[in-house]
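Paired with subunit B in one complex and with subunit C in the other, subunit A is shared by the two complexes that follow.
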Partner chain A sequence: MKPGLEKTLISLCWLSGFVLLGAVIILVGYLAYRGIPTLNRHLLFGDTPPLDAMLMKQQVFDGLFPAIVGTLALLAIAIIIAVPIGVAAGIYMAEYGRGPVKKLFSLLFDILAAIPSIVIGLCGLTVILILHNRFEGRFAPCLILSALSLAFLVMPYLIRTTQMALESVPPAIRLTAPALGSSKLQNILLVLLPSCLPEITGGIILATGRCAEDTAVIMLTGAVTSAGIPRSFLDQYEALPFYIYYISAQYSGPAELASGFGAALILLVICGLLFTLSFWLRRRLTTSLLYR
Partner chain B sequence: MTIKIRTHNISFWYNDHQVLNNISIEIPEHTITAITGPSGNGKSTFLTVLNRLWEEIPGARISGLAEIELQGNFIDTCDPSLPVRQLRRRVGMVFQQPNPLPMSIRKNIVFPLTIAGKGKQKDLEKKIRNALKRALLWDEVKDRLNDDARKLSGGQQQRLCIARALVLEPSVLLLDEPTASVDPAACEGIEQLLLSLKANCTLVMVTHYLDQVRRIADTVLTMHEGQLFPQNDSAETSPCSQTEYGRGVTEPSSSTQSQTSCFPPCQAGNQKSVLPPQETVSM
Partner chain C sequence: MRASRSLIEWFFFLSAALCGLLTLALFLLMFWFGLPLLGEGQTLQLFQGRWNPSQGQYSIYPMLVGSLSIALLAMLFSLPLSLGTSFLITTLAPKRLAGLLLDTIRLMSGIPTVIYGLVAVFLLVPIMRESLAKGNGMCILTAAMVLAILIAPTMIIFFVNALRSIPIHFILAADALGASRVDRLIHILLPQAWPGILTGILMGLGRALGDTMISLMLAGNALAMPQSVTDSARTLTAHIGLVIADDFESLEFRSIFACGMVLYIFTTIGAALARFLNQRLPTGS
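The block that comes next holds the complex of A and B.
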């Protein structure tokens, strides 16, 4: 390669990095600039005393607290459903799937990954309508069906991440445990999965972020603007992304718009905290699984 | 001499490609048997026959008998009804590239015991210490057993892998070019270790280093186009004896004399006469 061309390419790489970094700084900076002044007790709890709100003694009608709880509950349920199934399917694809069955599953997972979130939301809504008709009005859009729909949305990420991580384990490591007398399951559980922990955790982090930001799925399957804190899986709920979407589409004045920026900033902070928690957990898990 | 391993007409294929062709040999116990030969001729594959690791490779198939004496009985390693996990705990293997598991030094040693259901024994610490001492590694790692095993040097990693194989006290140890990726100092340490293991173990080692063969092997076999031939002075009976590998052991070079001074060279008398490959070779 000519030295001039090489220098140009390297410069372009640096430029791309700086453009991306600049975009992130501008976005987060603007969000912080607009959002930080709105962060106060009233934005979170309205006129309700915070302790009463947190102990669920009183409903919060004009604050973001129910939406924060709803978002966290939604994320937790969706991830609890998606991670075991996604990782198990990834293990199947990498370790057990063979021939045409593997190819068929591979195709199906690719199709699932390519489905737009609004279509997943419509599928969830269809399921709700079927259940609503079948069980005479006992089912309506609710938290658990939103979480299920989100789980399906992020499952392909988890499947592919797990599969690729397992398939990239070097043959030398892959054969070590069987040569020492391990079963295939022992090899997967004790060697291969712990070896792939960083990649799989990375997939879970991405999936969590995807769940946290998606609006299309939840607006069709259970999220509403005012529902309070959900008390069961079958309740409707509030969620930050839906609140942000609603405010940006229908705000009635500067104060309401400012609360939307506040909600966006809170969502960003929640995602940041969850990512930090994931990194910490990954470190702790790696240490306890592999080095103690 | 008591026979530890014997094979009869072992042939092996990867899909349609035949790798081993009617191999019949006998290996005595408490010896080091070196297998030499050009790359791609089936040396490593032959090792995987002895602990049935070939089963892990898609498209592999085998015919013939490969028997190992375990607790007074010869068992056929190719027998599908044989519990392969128990077999591999008695027939340890060390690979060409040091392959410490991505975990601590201690966990690497405990791993074989854990999967054998012996990971919570009271004398676990003693077993870890003994395995590392037998592998001549204890003094170097005793203060950092919880460190990542991958941070050890190449030679230390390979000795750790040998210690890991030894913790289950195998009666046969298979070594696939164990010194291929370590420096000369580490190589010397590993050779000393292998010689010391002979008292309790039968060792079968694939190696490309003919000087090493002279230093430590009791028996030398050469793999050529999927057939195993014993090394001897006759250049006529083995088709590979005209090759570098065929000449290497039987024609000591002056450069190896100084290297063999610290280890007794392989005695010519250890190498028996050649029989046709289809017949059993007794050594």
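The block that comes next holds the complex of A and C.
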């Protein structure tokens, strides 16, 4: 190959690396520049005394506190629903599924992993509208609907991490307990699962991060701009990503815009921490399937 | 003991079956509600013509064009960027820098989409508004540029995995014959890693087509058929996101199910193709 061409190619590679790195630095830098000055008590609680807000004696009207609580509630419910089913399905795929059934499930989970989140949101919305029409307005988009949709959205991450973690357990560990006379289930529950607990935890945290960042599902299934702290599963709620979207589309003044950047910075920190922790826990699994 | 054991094992199977069945149910749901649009010889009308509710025209063709043009343009920007960066990580950069770069890129894939959108609304859109001298800066090009950055990490991670899974003796043989690093890349790495690279491209394209927030926030959401990349456009995903669910029976509301179906079908084709390619990978990466 001609040396000139080779040099050009190499410099283009370096250029593309720097373009991407530059984009991240600009993104995070700009967010920090606009967001950090807004971080104070007023951003979270507005004019309400923080202690009253946290004890739910008073509602917060001009702070991010309800949105943060909404996001946390959403994460907690979605994960509590998703984890048992996702991990169980992962165990089935790794230890029990054989032949064409396993292949079919595997393809279906691949499809599920690739379905755009807005489509899942749409289906959640449709289900609630059907219920709404059938039961004359007793159902409306709400917290539990969003949590169910999100749980479904992140299911593939849980299934795949569990499956891969189990499949990558070395034979020496896998065969010991059965050789000593344990049953298949005992082996799974008492040996295999504990031995890959870090990876499965990593998968759960990754799923949590995906729940925290998703905007498309919740905007169709119950997130609103002002609802206060949700009092029940059937309430509408506020959430950080939806608030950010709303602010970017129709902020009414510099103060609201500033709180939008504050919210973005908080969300970035939450997602960044979850993601880093998840990556650190799953570092033994060298698979690209988890990065869809 | 015996009974409880089989109970737990049933739970494993039922969980998997539930997830699989719900995936199928999703399609049936959209098919059922999109059906009124498909009947009465309207199928063709759905995929050609324009969106003009006052004349009873509910074609999703403009959104299909919007989605495809934004996704393909983003791919056009992102593919060289991602290929270059993954070459940098696997061969060109010193080890520590490569590790740092890869970690940054992994972290990038954890940044919420809505944050990319927010920053672009206040940084990129004003620049585009100034330089295009038409419209308000929200157009196909703007969305595609941000989307290119968004899908790059997905692709790079696949590319790097594919490039790294090549057997070392291929590389050593090439080195022994006096190949330069770029020779090695073009004659050994690329031909060997193509299934992984294609999978990465598919995944990136899937993310680009399936993304809602970027196009919703940055493409302007106009309903007219886009004529150039500087025009405002609405994607299939944004069309679903903008639905106002007040009239359950209206054809306008039904049109979003057609969008959902099209997206689902793209997704299924993509997943099947990726699966087919994965089976051709030398190692199970």
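Just so we're on the same page, the second predicted complex is superposed on the first by the 239 of 292 C-alpha atoms of A that agree within 3 Å, B and C clash if a C-alpha of one lies under 4 Å from a C-alpha of the other, contacts with A are read in each partner's own complex, and residues count from 1 in each chain.
One rule holds in what follows: contacts are C-beta pairs under 8 Å (C-beta built on N, C-alpha and C of every residue); 3 or more make two chains touch, one makes a residue touch a chain.
These numbers come from a predicted model, not from an experiment.
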Which of subunit B and subunit C A:153 touches, first, second, both or neither: neither
Which of subunit B and subunit C A:26 touches, first, second, both or neither: second
Of subunit C and subunit B, partner touching more subunit A residues: C
Touching partner for A:241 - first (subunit B), second (subunit C), both, neither: second
Contacts of A:179 with subunit B and subunit C, given as first, second, both or neither: first
Contacts of A:194 with subunit B and subunit C, given as first, second, both or neither: first
Intersection of the subunit A residues that touch subunit B with those that touch subunit C: 183, 291-292
In the complex, subunit B residues that touch subunit A: 51, 53, 56, 85-89, 92-93, 95, 97, 99, 101-104, 107, 111-112, 114-116, 146-148, 164-165, 168
Of all residues in subunit C, those that touch subunit A in their complex: 5, 8-9, 11-20, 22-24, 26, 29-30, 33, 80-85, 87-89, 92-93, 101, 104-119, 121-123, 149, 152-154, 157-158, 161, 180-183, 186, 196, 199-200, 203, 206-207, 209-213, 216-217, 237, 240-241, 243, 245, 248, 256-257, 260, 263-264, 267-268, 270-272, 274-275, 285
In the complex, subunit A residues that touch subunit B: 172-173, 175-183, 186, 190-191, 194-195, 289-292
Sites on subunit A touched by subunit C in the complex: 1, 6, 9-10, 12-17, 19-21, 23-24, 26-27, 30-31, 34, 84-86, 88-89, 91-93, 95-97, 104-123, 125-127, 129, 133, 152, 155, 159, 183, 185, 189, 209, 212-213, 215-216, 219-220, 241, 244-245, 247-249, 260-261, 264, 267-268, 271-272, 274-276, 279, 286-288, 291-292
